[in-house]
Amino acid sequence: MKLITAIIKPFKLDEVRQAIADIGVQGVTVTEVQGFGRQRGHTELYRGAEYRVDFLPKNKVEIAVDDTIVEQVIEAITNVARTGKIGDGKIFVTQLDQAVRIRTGETGAEAV
Amino acid sequence: MKTLTAAPSRRPWAAAALALGAMLAPVLGLAQDAPVPDKGDTAWMMTSTVLVILMTIPGLALFYAGMVRTKNVLSLLMQVFMTFCLIALLWAIYGYSLAFTQGSTPFIGGLDRLFMGGLTTSSVAATFSKGVYIPEYTWFVFQLTFACITPCLIVGAFAERIKFGAVLLFMVIWFTAAYLPMAHMVWWWAGPDAYTDAAAGEAALATAGFLFQKGALDFAGGTVVHINAGIAGLVGALMLGKRIGYGTTAMPPHNVPMVMIGASLLWVGWFGFNVGSGLEANGFTGMVFANTILATAAAALAWSFAEWIHRGTPTMLGAASGAIAGLVAITPACGWVGPMGAIAIGVIAGLLCLLAVAWFKMKLGYDDSLDVFGVHCVGGIVGALLTAVFCDPALGGTGVYDYVADAVAPYDMAAQFKAQLWGVATALVWSGVVAAVAFKLVDLVMGLRVAEESEREGLDTVSHGERAYN
Amino acid sequence: MKTLTAAPSRRPWAAAALALGAMLAPVLGLAQDAPVPDKGDTAWMMTSTVLVILMTIPGLALFYAGMVRTKNVLSLLMQVFMTFCLIALLWAIYGYSLAFTQGSTPFIGGLDRLFMGGLTTSSVAATFSKGVYIPEYTWFVFQLTFACITPCLIVGAFAERIKFGAVLLFMVIWFTAAYLPMAHMVWWWAGPDAYTDAAAGEAALATAGFLFQKGALDFAGGTVVHINAGIAGLVGALMLGKRIGYGTTAMPPHNVPMVMIGASLLWVGWFGFNVGSGLEANGFTGMVFANTILATAAAALAWSFAEWIHRGTPTMLGAASGAIAGLVAITPACGWVGPMGAIAIGVIAGLLCLLAVAWFKMKLGYDDSLDVFGVHCVGGIVGALLTAVFCDPALGGTGVYDYVADAVAPYDMAAQFKAQLWGVATALVWSGVVAAVAFKLVDLVMGLRVAEESEREGLDTVSHGERAYN
Amino acid sequence: MKTLTAAPSRRPWAAAALALGAMLAPVLGLAQDAPVPDKGDTAWMMTSTVLVILMTIPGLALFYAGMVRTKNVLSLLMQVFMTFCLIALLWAIYGYSLAFTQGSTPFIGGLDRLFMGGLTTSSVAATFSKGVYIPEYTWFVFQLTFACITPCLIVGAFAERIKFGAVLLFMVIWFTAAYLPMAHMVWWWAGPDAYTDAAAGEAALATAGFLFQKGALDFAGGTVVHINAGIAGLVGALMLGKRIGYGTTAMPPHNVPMVMIGASLLWVGWFGFNVGSGLEANGFTGMVFANTILATAAAALAWSFAEWIHRGTPTMLGAASGAIAGLVAITPACGWVGPMGAIAIGVIAGLLCLLAVAWFKMKLGYDDSLDVFGVHCVGGIVGALLTAVFCDPALGGTGVYDYVADAVAPYDMAAQFKAQLWGVATALVWSGVVAAVAFKLVDLVMGLRVAEESEREGLDTVSHGERAYN
Amino acid sequence: MKLITAIIKPFKLDEVRQAIADIGVQGVTVTEVQGFGRQRGHTELYRGAEYRVDFLPKNKVEIAVDDTIVEQVIEAITNVARTGKIGDGKIFVTQLDQAVRIRTGETGAEAV
Amino acid sequence: MKLITAIIKPFKLDEVRQAIADIGVQGVTVTEVQGFGRQRGHTELYRGAEYRVDFLPKNKVEIAVDDTIVEQVIEAITNVARTGKIGDGKIFVTQLDQAVRIRTGETGAEAV
């Protein structure tokens, strides 16, 4: 199994979720994160003093999947999350040694 | 027995002195037909008092708490809330007496009303109209709210780093040694009915407060409240030093809508503050009302448009700050200027306070966390001085009323400006010195600043054992 | 010299015309015993004015800002705050004069009060009772708050997508060309003292505003404020188009407690709006007060129970929306109906506005972000028309007072309904057309909508360089 | 025809009975010169009414909603908002009539004002001063707000676990069977003008409410509102049982600033509650005002300092709770004690309520979620009993006025204390029993508590289909 | 070393923390996340319009542990976090190449 | 590639970001987390009742980097995030199988 972690623009979340559901992935876990990268943040003004805000709101989507569909999932995310503008985000893939479904105690591919 | 108490100054009088003041109250007290307050005036004064409370809790508390970081929200709320409570009690115990009874000097009152002694449900206080009185109890609570909000204003200057106990101790000292004398100096007088003829008028004037005698005009507290608190704030900001990370890390307001709510409630409540200071419900107070709304709107627009032009976007924080700047500046002027004068004062105050906050503060590098100096002291000075300008009947102002002649007196702008300078300078020096001494004392007794680690962690958990949001 | 100004319409008069109006003010101005306002009335009017301000800032601002997404919170707050400030100044400069002085047509006033010229602390305005006046300054500020809140209502319709500059420019145009004429048409009259006998009454009526002459009843602004603003909002929503993602992504309110605070402050402030429109403090205004509370409670319950039955749960947003719907609908009616009529109006308005918002809007598919049309326009129309029904003394209403006979006139519901239709239709057409032209103009000058990317990012950082929460 | 309605009790009278009361209203109604209310009084009463509304929505709603967890915020807001609306309608339909008309027993009123029948814009209600009246409509709405806020207080006791429908049904029963009788028993009397001589006075007294006849003093509702609601809350907390996780998991307030806003608005609004209960705008109500501010400040300080000494830090939640405790305790006393007595009552109430909340509740282990019992019932009892102490003119109190002699009567503290005990005991037993029966009934009809899973998920989504924050 | 990541129902957090502390794990890091899975979310109503909210609040608990106690920790979590109802969550295990305690610079097993 | 995950004290975030930017890392993703460890939390008081709050606010910084600079990054973070007081936090390193830049589709070292 693999854990796919995608950092995406928040307004793309619904589409991404839809896209991977279409492939048959039944669950995802989403975290609100702050991203810092090539994309520039905005400037904020407080009583005349300016502050540069470099952190941009992003969504981190984590998906545990069977090895067989890793490529498919990556492709699906890449397709729908892409706007072509800087800051579209990243996909990271790591090895998943084990997965357990707490409710049933099932492990491995059945658990995800 | 009816007692008679004086009310805020609207008639500055040539400074000739004749000691009759002490006789006034008893004389009137014995009068066959004791003045009966109009219930409409009384209703409005009670409403105004409620409004000034609303200004402070939650108004000012929210305005300040919204501007600090999440970890210090409750500390600001508590400092305002507890200072309000503490001063309310002190006001009842000795504050009112020292501010609003006849003392032996023109700098401070006497002890006639210690523990509210002698204050009854039928004693009355003078207004600005001959023969018109309000219940003294109403006057007592109305002025209580002024006494309570003024120290609360100061806490913005040293926000996010001061010990809670130090705030309270400082407030007791400063209230006693700076607020009460200033209130007495500016607002204590014998009331208009004392001005029956020229001699009586001079005699009455001699019993008035120091700055009243100088002829300084301060309708609702530009000097007593805003300059007074603003300079104390600056002294505090300087003596406590900068917050850790000031200038290098961003310290954006944690909740701008909270700032907006606070500013709005301040504005709403300020009608009690300014219009209530007219002590009646009539066409004149209608004008004060109009001035208070127009100057504020003009100042908010001025600040916002200046930001828009200069930085590209008008901010909510700027609009709110501009509104407060306008409110501060119109406070001393609102009963003396016409509506167009009020708009002019608003625009000027909005621009100058923005300058003070965005440029002057940067330039000098002090850390007045929430700009108490830049908004309240600068705005107060602007308002005090422009009062002399726009009070001029030629510029739509009311001029100054001569209670002996029962007519508006010829207006001398230069003289009035000098009187206003007296007021400004006295407040700056007196309150500045008292604040410096008070902070020094508190520092010796318990220290002013929390430990570095506590400051990093935030005052909410450290000083109050709570977090704002869970 | 005392000046005399007219006040909101409570007496619709048969539409015979005779041009004497122009003489009225001077005649009364010359009278030996100039009317002295009662201080109780004045106190209440000042309180009412404060309450209407509270309705707007922070009330309406919070009601709206709570309903948008986190990224657009400040934009709503700013649009309300700045519109309020801007219109306040315009009101002082020319608005008041164009609304509340005698003009040469029954559609708009004259220039007598430009820059508030001639308005003094002793000039007075008529009420609905013969011989009873309030200070004109008080009337000026009271009506200022109405002029300020009305444009603010509109911003909810095109929230989350409009340029900030476009809002301001639109407001200037719409206020001038739609609000001022409507206020004049509905509320301008010579005051009851002009109705000394039938001839004088007819003469006086001929000087009144267009819809006043038609006999349209609008106690506190159902037509002038709510229909007027609501239709302008709809036009705006249509001309700006839908928000990106509308209909496909959920756009839940970012902070429902904020909506609830806003709705509560609107309700609280509305007592100033409705009851203050009675211009006195007496038993009659007590009835207006009761109507305002009962209709609102009934509407909130009606909306909530309908949701409960239909969808399974009553929501806080629904209860708040219902309350506003009730407030809107009772606004034109509150001085004309009895308490049971008020409850009926509340129930009907609660249900119809829910229908408008949940069904009609879906059906037509326009994106009126915060339902300005569904609540204010629909509620306003419901209220205006039901006024004709429940005004009937047979249904517990007050009927219409005949100031010449000094008695309640026989009631003709059909005629009154026709008069109300005149009011509704005039407001819909006039304001709708003005709004369309104004939006077009603004679009040509600077464009209405922000760039797609800005809309996605949110107006707070894009238009105001700030974020609401940090 | 003018009608005359009674007003809150300020004159307890020796309990001799003579049945003349029924004649009073007609007699006065026929009088040539019907009493004309003073507009200043009326203005203040309308302001007070607005303030009591502000206390409830949003004041109390925020105070409560801030203290619960994020998942139950809207449920509290809705319970307060909807209860307010519901009771407002019931008040108009039958509540007012049952509370404030003459009934055939001293425990409940009659049906004269069913559906507000007979209530006109010219009917008047008595005050505490002979010959002084307010419009009955004003009295109607003022008392409506008292009837509305009292049930709302109760919801804090069983917060975070009750079904929404159960709240509403309980409220209808409790309001009818507990609030209305208590209000009648404590506040119904014939008004001061009935006390023309000793015989007339006795006759009038015999028509008064049960506790009024006993001589129990309750100026603004310590018994009728706070003990009444507080004991009902305790019964509810016991009958519903503890929240899941109570005592084992932390349940910190989700938003302390919201609690602070709520507490501040409660304080601000309470001036309407207490001072408005004076029914006039004069020096006496000025004293009530001062008492309300001083007792509250003292209580907030007392609670905070006790926490500071005992736990190391003064909390914002503590300061807010202390303020409410002080407000509750001064409520019955505010028109009977002097300012120094008020401070004493504040200090005592602050400490005892803290004890009740922090020690007694732990000891007994019941889960009164937001301390309705600990603050309102305990504070109410403290205030009711201390009224007997500090009412003593020797301790700065007002004593009790004898309307026949038109002078303050000699004061008998022991007798007064006994009268107060009557009031306290009656409220505890009556309301306690009614609440128990009502909860049982509701339980049978629909069940009181939500399912465990729903409680875990939170009432906002389960009962209202919404979340507070998105 | 392994990194154990558990997605659990929020109201189970205290119990989970307690359970793993009992095994001797000294630290955990918790993140508030939104979970999407077989468990259905609720419906929200805004002015008559209904929205389905599919994301449910969950807590993500991350625990770095020595290989030796991985099974024990998984078991402990499974035991206390299980309600038997859908939505109880997952446990994921990944390989941890290295761990450093910033304060001391310690690495490996001593660091966690 | 490796994924470096650092749990740090929030007020150190700016310095950490600066330090790794100096090494040439162009992006990071930051999450607000609650940490539980040896460092003790504070006590909170609610109406006289005391609650111990053991969770402390921390920032989780995730950085995907090429294998070559892993040590450098760890060192940089350790240096600036260290205060020497308990609670400074941890650094965890895991293997990254793949990385994708959504905007361009680039993978591997070019993507981070």
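Each chain carries a letter (A, B, C, D, E and F) given by its place in the written order, and its residues are counted from 1.
To be clear about the criterion, a contact is a pair of C-beta atoms (placed from the backbone, for glycine too) under 8 Å apart; a residue touches a chain by one contact, two chains touch by 3 or more.
Just so it is clear, the model here is predicted, and its values are computed rather than measured.
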Set of chains whose contacts include both chain E and chain D: C, F
Partner chains that chain C and chain D have in common: B, E
Option reproducing the contacts of D-E, where over half of them reappear, out of A-B, B-F or C-E: B-F
B-F compared against C-E, more contacting pairs: C-E
Shared interface numbering between chain E and chain A [over half = same, under half = different]: different
Rounded Å distance, chain D centre to chain F centre (Cα mean): 54
Between chain A and chain C, centroid-to-centroid distance (C-alpha), Å: 48
Chain E-chain F separation of Cα centroids, rounded to whole Å: 18
Shared interface positions of chain A, touching two or more other chains: 31, 44-46, 53, 94-95
Chain B residues counted as touching two or more neighbouring chains: 38-41, 43-44, 47, 252-253, 311, 313, 315, 317, 464-467
Pairs of chains satisfying the touch condition: A-B, A-C, A-E, A-F, B-C, B-D, B-F, C-D, C-E, D-E, D-F, E-F
Chain C-touching residues of chain B, taken from the complex the two chains share: 38-41, 43-44, 47, 51, 69-70, 252-257, 260-261, 264-265, 267-268, 271-272, 275, 280-287, 289-290, 293-294, 296-298, 300-301, 304, 311-317, 319-320, 323, 338-340, 343
Residues of chain F touching chain B in the complex: 11, 14, 42-46, 53
Touch list for chain B against partner chain D, complex: 37-44, 46-47, 49-50, 53-54, 57-58, 61-62, 65, 73-74, 77-78, 81-82, 84-86, 88-89, 92, 115-116, 120-124, 135-138, 140-141, 144, 164, 258, 463-470
In the complex with chain B, residue positions of chain A that touch it: 44-51, 53
Touching residues (chain side chain B, partner chain F) in the complex: 245, 249, 456-457, 461-462, 464-467
